[in-house]
Structures are given as C-alpha cells and as structure tokens.
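Below: a set of structures, written as structure tokens.
Note that chain A is present in both complexes that follow, paired respectively with chain B and with chain C.
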Partner chain A sequence: MKLQRRTFLRLGAAALGGFATAACWPLRAMASAFDAAFKAPDMNGVFKELGATPTPSDQIQFVSPDIAENGAVVPVSITSKLPGTEQIMVLVEKNPNPMAAVFMIPEGTEGFVSTRVKVGQTCNLYAVVKANGKFYSAMRETKVTLGGCGG
Partner chain B sequence: MASPMKIRATTTAGVTEVKALMSHPMETGRRKDADGQLVPAHYITEVTALHNDKLVLSAYWGPAVSQNPFLQFRFKGGASGDKVVVTWTDTKGESRTDEVVLS
Partner chain C sequence: MNRREFLQVLAAAAGAGLPLMARAAQAASDWAGLYDAPTFGNVHFLHLTDAHAQLNPIHFREPSVNLGLGAARNRPPHLVGAHLLKSFGLKPGTAEAYAFTCLDFESAARRYGKVGGFAHLATLVKQMRASRPGALLLDGGDTWQGSATALWSNGQDMVEAALALGVDVMTAHWEFTLGAERVNEIIAKDFKGKVDFVAQNIRTADFGDPVFPAYTLREMNGVPVAVIGQAFPYTPIANPAHFVPDWSFGIQDENLQKVIEEVRGKGAQIVVLLSHNGMDVDLKLASRAQGLDAILGGHTHDGVPQPIVVKNAGGETLVTNAGSNGKFLGVLDFAVKNGKPAGWKYRLLPVFADALKPDADMAALIARVRKPYEARLGEVLATTTDTLYRRGNFNGSFDQLILDALMAEKGAQIAFSPGFRWGTSLLPGSAITLEHLLDQTAISYPQTTLTDMTGERIKVVLEDVADNLFNPDPYLQQGGDMVRVGGLSYAIEPGAAVGQRIQDMRLDGKPIAAGKTYKVAGWAPVAGGVQGEPVWDVVGRWLRAQKTVAITRVNQPRLIGIDGNQGIL
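Up next, the complex of A and B:
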C-alpha cells in the first residue's frame, strides 16, 4: 500500500514538473533561442543553434566597406528582396562570438536595416535572412587595419 | 542614467525611414582597462521600435554592436503627427525610451 502511494506521488510530481516546463516554454522560447546563438563560438555553432545552414542568395544586398580603418565601427546595411523576410542577422566570422545582431522584421516593415558593428580582425561578414522559414545568406569580406576590441 | 537617443524620422512616398543613435558604452566584457582589469560587460541586448503602439522593429543584440549604436530601418506608413518610440534594454537591466513625432 505504502509503496503504491509513493509511486503515485512521484508520478504526480513528475507530471506537474513537466506541465510547468511546458507552460513556461513558449514565453522564453524566443529569447533563449537567440541566447544560445549569441554564445556560439563559431559560425557552425551559430547555424546549429539556428537549426539550419543558410543557402547563398543574390536577393540579399549586403553593403559593408572593403577596408575598414577602424574595426570598432564598421557600418553595414542589409536589404533583403526575399518575400516574407522575417529576420535579418549580422554575423562576423572571426569575432569571439560571430553573432552580432538579430533584427525581427514584422509585416509592414521593409527588409532593410543598417547599423554599425565591431569586427575584431579581417574576415568575412555574413548577412543571414530568414524568409518564409528558410535561411539565406550573403557574404562580404572586410579588411580591418585596426582591431575592433579596444586594441 | 544614459543620455537621450537622437532619433530622426522622415516620411517619403509612404515609407518612413527612422535613424536612431543611442548613447551607450557597449562594453564586451573582454576589454581591459589601464590597470589590466577586465571591464565588465555592459551592452544593449534588446531594442524595440513602435509606430503609434504598433511594433515596427525589434532587435536582439550581442556585444559586437559598436559603441553608441546606430540603427536605421524603414517601415510602410507614417503620417504627420505620428509617434515613433524607440526603447533599449541593456545587460544591467537599464533601459531608455525616446520618441520622435513625425513632421
């Protein structure tokens, strides 16, 4: 009898725990999904966290300087002509954490963002666009003559 | 308290272009100060922009966004008197909201 009661309680507790986790998940899902991507140490790590490796696309216009005198301030702008653009990401390949920024594009906002990022050393910069659930990318090389991490 | 953002918004042919310049150190947590001590990380993690209470852009940032971040984007719509509100939140939990009225 005692044993049965214990088993019952344990089952109940497990069920409750499972329910609590499930209830919290949707709220935290968005932010935590990107948290992992921001912490990934290399490009493959970021793509793994995103769940897909982007395919190169010529529908993404990625503007960045060929040579950046100051790696701490590298202007980048991305224009996506892909229909259903949902997210635009900026990745810097050789930064300690390549993921620099994610922009969520709601409907009514154009697939365009411009910002400035830090680039630690000469490397490839990637613009990754999520459109209709798929990932696309564009790549540019930027030469840095002065590092972006405070020398 | 952080200094105010500079926001400029102009509407041409039904599309509003917003330019925002935020004032923030954006410390990565990897830089050392003159004494060789690591400067703790302090950077903006989230930015949202509203046009008359409608979300027009949200962004998640890492430490690789430059000091005093610049952000430019465009959304459809926007009329004279409309408000554009930009808010950021950083790793220390500080936040700042500034707005601009479309002319």
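Up next, the complex of A and C:
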C-alpha cells in the first residue's frame, strides 16, 4: 500500500514538473528580494538584511531533532499561529550562510511548512516568522555528532 | 577470622573444587525470602531488558564508575557501590549487594555464583505469572544481540527463547543492527499473533509514516491497559544508519503525548511506556509527558532497585531501569480501583542461577540452539589471571585486553574501542573461550581499521564521545560509555563545556601535537562499506599467542572536578 502511494506521488511529481517552469517566474522575482539575506555570513547579517531582529514568540511551534541522524538533511517543521503570517524562514546559526529557506505564505494559507536543511555543526536553529510586517522567532538546538559508541 | 576472611577461605576451597556441598548449604540461607513476592493489586507487568543474548548464566560486574553531572549528580542511577546500597537501604555483604554493585566482586561472585540464564529466568517468570494471572511480559529490547550464537543464527536463537519465555510486547535497539529486513521478517513470521512489536518513535524517512504500531491495548483482570513502545531514539546515529536506511527515529515526545491521549481516549486506565531511551532520558521525558503511570526502561543497563517517582503536570510517573544481561526481572504491580491507580509495588528481582531451578523446556531449547556451535564456542584462547569486565564510564579490563591486542596486531600507537555497556565478566583464573570473546564483540559491523589521525582529529573524536556521555541535557546523550582508549593517556573534566573536557593528551609521556599524525586502530565503524578483519579474529589471534594474559593496569583517564561524586567508588 505504502509502495503504491509512493509510486503514485512520484508520478504526480513528474507530472507537476511540466508545469513548474511556467510557474517559476514569480518565485524567482521574490528570491531576489532575499538574495542579500541568503548571502549574509552570520545571524546579525541576516537580520540586518531583513530589516529587523525578531522577537521570541511561543506562537511558533518549531520541531527539529535533538540529535541529527544526518547533518546533510535535517528535517524541520514550523507551525505559525501568529495572525497575518506572511513568511516563514529557517536559519542555521553556525552554517557559513545561516539563512537556509524562506517560504511565502499567501493570505488564507495555513502557516505550516516542513523541509530539510543542512546543519554543518552542532548549533541553534531558528524559525523566523514575518507576520503583519513584524518578525518573530523560535529557537532549538540540534546536535551534530560523529556517531558510534552507543549502548 | 572475620566474616570476609572466612568467606575468602570458603571461596578458595570452593575454587579448588572440594566442598561444593558446603557452598550449596551456605548459600541456601542466602536465598531465603529472595523470591517471596506476594501478589499486589490487579495489574502486573514483568519486565526484561538488555539481555544481550545471554542464554546461559554469566558473571556481570556492575560499574565502579557511573558519573552523574548537574541535576543527575549523586542521584540514581548515578550511584555506585556503597552509595547505591545506602540510597536503597540494602545491606553490604548480601546477595543483593552482589547483584546491584561491584563491591567485593570476586569473592561475592564465588559465593553467590552466576546470574541470569534464560532457563533460570523462565522459572522465575513462571513463578511470577502463577501468582499474577494476566501479567504481561515486556521485553525492552537488546535481546537479539550480544553473543556468538545470536550473531551466527541471525538472532534466531533469541527469537525462539523469547517466544518460549512468553514475551507479550517488545521494543528494540540492537535488533536493528540485524537489518530492517530481518527485523521485519521476524515480526511477520515468528512473532505473528504472539508478540506485539511496538515503537511510537520510528517513522519512514520520506513521508513520516509510522513503521510499527505505537502501542498495544490489552485488558488485564478487567482493567484496560496500554503499553506504548519507545525504541532507542538514536539508533541510526549510535549504530550504522545503513542497517535502517528508510527509517527515522528520535525521542518524538510530541507524538508520544498524542499517543498517550489516544490510548486514554480508548479507555486505558494504566498506561506504561516500554522504553529503550536510557534512564536519564526517561527521567526527563517523565517530567514532560503527562498521563504515563510508569516508564519501564532499559538501554543504560542501570540495575535500579526501586523506581524514581517523577512529578509532572499530569500527576506522577514511575521510572525504572532493569539492568542487563538477563540479571534481573522487574515486577511492577498496580492496584487499580474505580478506574484509577490506588497504589503500586515494584521489585527488581536478581536472577541467581544457584537459587533458581532451571526450567527444563528452556534448558532443552538452549542446548538445541547451541548444539551446532558448541565446538567453536568452547575453544580456549587463553587464560586470564585477572578479573575481566567492561561496564563503567571508562576503560574496563576486558576493553584493555582488546585495545592491547589491536595495537599489537595492527602496529598502532593508539587504539579506540567502543564504550558499549554490554559484555560479560570473567573471574581470575578463567579460561577465555571464543564465546567469551564474542560476548564482548558480537556485532554485525565488526571490521577493524587502522587510520592515520592528526592529534586535532583525535581530540575531536574524544570530545564528541564525551559529550554524548556528559552533555548536561539528557536528550543529547546517547547512553553509551566513553570510548575506550589504548596507548594515549588523557585527563577529562566531565563537567566542562563541550570541546573543553579532554585535556593533557599524551603518548609515551609526550603531549599529543595537534598537527602530527598518529596510527590509530579501531573497530565497529558506523560508516558503510568499510573493509577490515573482524575484531574477534584479530583479538583471537593475539590471545592464542599469549596463552596467559594479565591485565594489571587499565588505562583510566585522570578525572577532574568530580570530588564528592557518588558515581565513583
């Protein structure tokens, strides 16, 4: 059953690929607005490019592993309960460029995203949410270890 | 002559093979009342964990070093020796002191004999079931790995033993090192309709779908009970991920809370978590999760005589840990009245092979599964003049033997050996058989390696493992002990920050240079595709050439900042 579902989704993804080129231009236009933030070498640099330092909020639910199973693909998911959520970002503090992802949340969409980010070394991960023009954040530490030696 | 001297004389005599009758007569009074466990309440769980495939009775020396830091300092399970006895009101010089501590290990071992063994355990399980109708037998995992026969039979000997023992519910850790396919095969064939394999915290890596049922709901003496499974959260990190390439683990406490609410919603009046988290993780989890009556825990091999009661927003949760190597059977009774627990009793019963008559059916099963391998198992490689053991935060004497062999056979300056918590003990004068060597090394990724490592890299490795053991946040610990180190001497400050614990690394008295390259031998690589001679071949060859081994000095690091810590003798 699961295999069938996976196959079905793969087929679906292939089909969608055909439409993707047509749909890509607005994303590209938006990406340019974040270019500088993606290139910033540290957290303060990112916040400078965004134009504000976020305030911590308990209205953001941020799920990430305590210890990464594979630092190259660390699953994270973010739920924003903040009214007027427009953007959800993922920042990895000690990566050479902390800004890992930005998602645009159109009005009326559930403020939920799930993705995978690369985490080079043990550090804090931040979920940053822009809501009604203001920036909010939630933080979690993820440990990256060499592994082995357990139990 | 004081009592200890008398016992030593007695032990020496017994060792000489003379008065076995005298030992039995002496011992009979030792066992009086040990297994008197009157029935209490109407909900009963029997708990076995971390047997590590030890079908026959063995010796197992408990740790003399098990440091707790921060909130865990000087609290169970981080108490050893007399500190542990005092904390739980146990008397020194008793059978229980022998079971729970390493005090007077050699003389106590000679007096009280071996521990564990599935035939003896089966007798105890039957005895407890007889007085506790409806009791569920829970297996916390690390059952199918840890011996030659389990490795050579691909876990089949232990699967059959678990079925014969009557295991009802199971979760896992080392089982996964047999590979996902083999685990699935056992669940689908051998366990079908007999054993519920549960794990709320394993999901497919792609879509996050559950891989196993999260729980089982049973009715026991008219009371609905739920057993939720918690597999070892860091399996793909602490062990090779390539054995479970499509599965993702983790503690998953948000999901656990949902599962608890689901089973409560379905009417469960007692909810327990069968956990392979390790006790420190379980204690933290118990402070966060609401609605668990108990966490029956394993992984860290802590033989904790009584549960730790943890308060949380939902009430309180009992946290237990039931030791290892088949040495103990946990018995947890709840009295449930009007849909609510009105009281509980817990016993962690040591399995003394001399005190329990072996179950004939299980003994026959063990003989049958061992038969094809007996000749190989019994090969004597060498004799040891000293006690050989592993368990403890830092090098044990059996680790030292492995390290010495690796360095000699590989031509290495330094050797690393994993800080596993399993591995049985041998008394002075014992033959070291191939079976004993496999008791320390029987894993499905046994390759040995010889690597050029810079001093800087060596420091990184030691710091990384030290943080897995001593990170102040239990959720960031993996539950193994410190990597065993040969050749290199070092100091460690467990309470320091990550990156600053390892100090004063030296080789032959000279400081290790960050930029210099050293030859380092090791085994048990977590990366896939590594080639190398199996560790038992390398160490076996060395042992055969030695004939007699004396491990008079164990390379222990110099400890900094642990004054007053009761996790060390």
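FYI, the second predicted complex is superposed on the first by the 113 of 151 C-alpha atoms of A that agree within 3 Å, B and C clash if a C-alpha of one lies under 4 Å from a C-alpha of the other, contacts with A are read in each partner's own complex, and residues count from 1 in each chain.
By definition in this document, a residue touches a chain if its C-beta (ideal position, glycine included) is under 8 Å from a C-beta of that chain, and two chains touch if they have at least 3 such contacts.
Since this is a predicted model, take the numbers as computed values, not measurements.
For A:V113, decide between first (touching chain B), second (touching chain C), both and neither.
It touches chain B, and chain C stays clear.
In the overlaid three-chain picture, which partner chain does A:P65 touch, first (chain B) or second (chain C), both, or neither?
second
More residues of chain A are touched by which partner: chain B or chain C?
When the residues of chain A touched by each partner are counted, B comes out ahead.
Using the superposition on chain A described above, determine whether A:Q121 touches chain B (first), chain C (second), both, or neither.
neither
Which chain A residues lie in the overlap of the chain B contact set and the chain C contact set?
Chain A residues touching both partners: 75, 149-150.
Taking the touch rule as given, give the residues of chain C at its contact with chain A in the complex, in rising order.
142, 173-174, 204, 206-207, 209, 232-239, 241, 248-251, 254, 299, 418-422, 460-461, 464-465, 467-468, 471, 473, 475-476, 478-481, 483, 498, 524-526
Please name which positions on chain A make contact with chain C in the complex.
Residue positions touching the partner: 2, 5-6, 63, 65-70, 75, 122, 141, 143, 145-151.
List the residues on chain A that touch chain B in their complex, please.
Checking each residue of chain A against chain B gives 31, 34, 38, 72-75, 77, 92, 95-97, 99-106, 108-110, 112-118, 149-150.
Where on chain B does chain A make contact in their complex?
Listed in rising order, the residues of chain B that touch chain A are 15, 28, 30-32, 54-67, 69-77.
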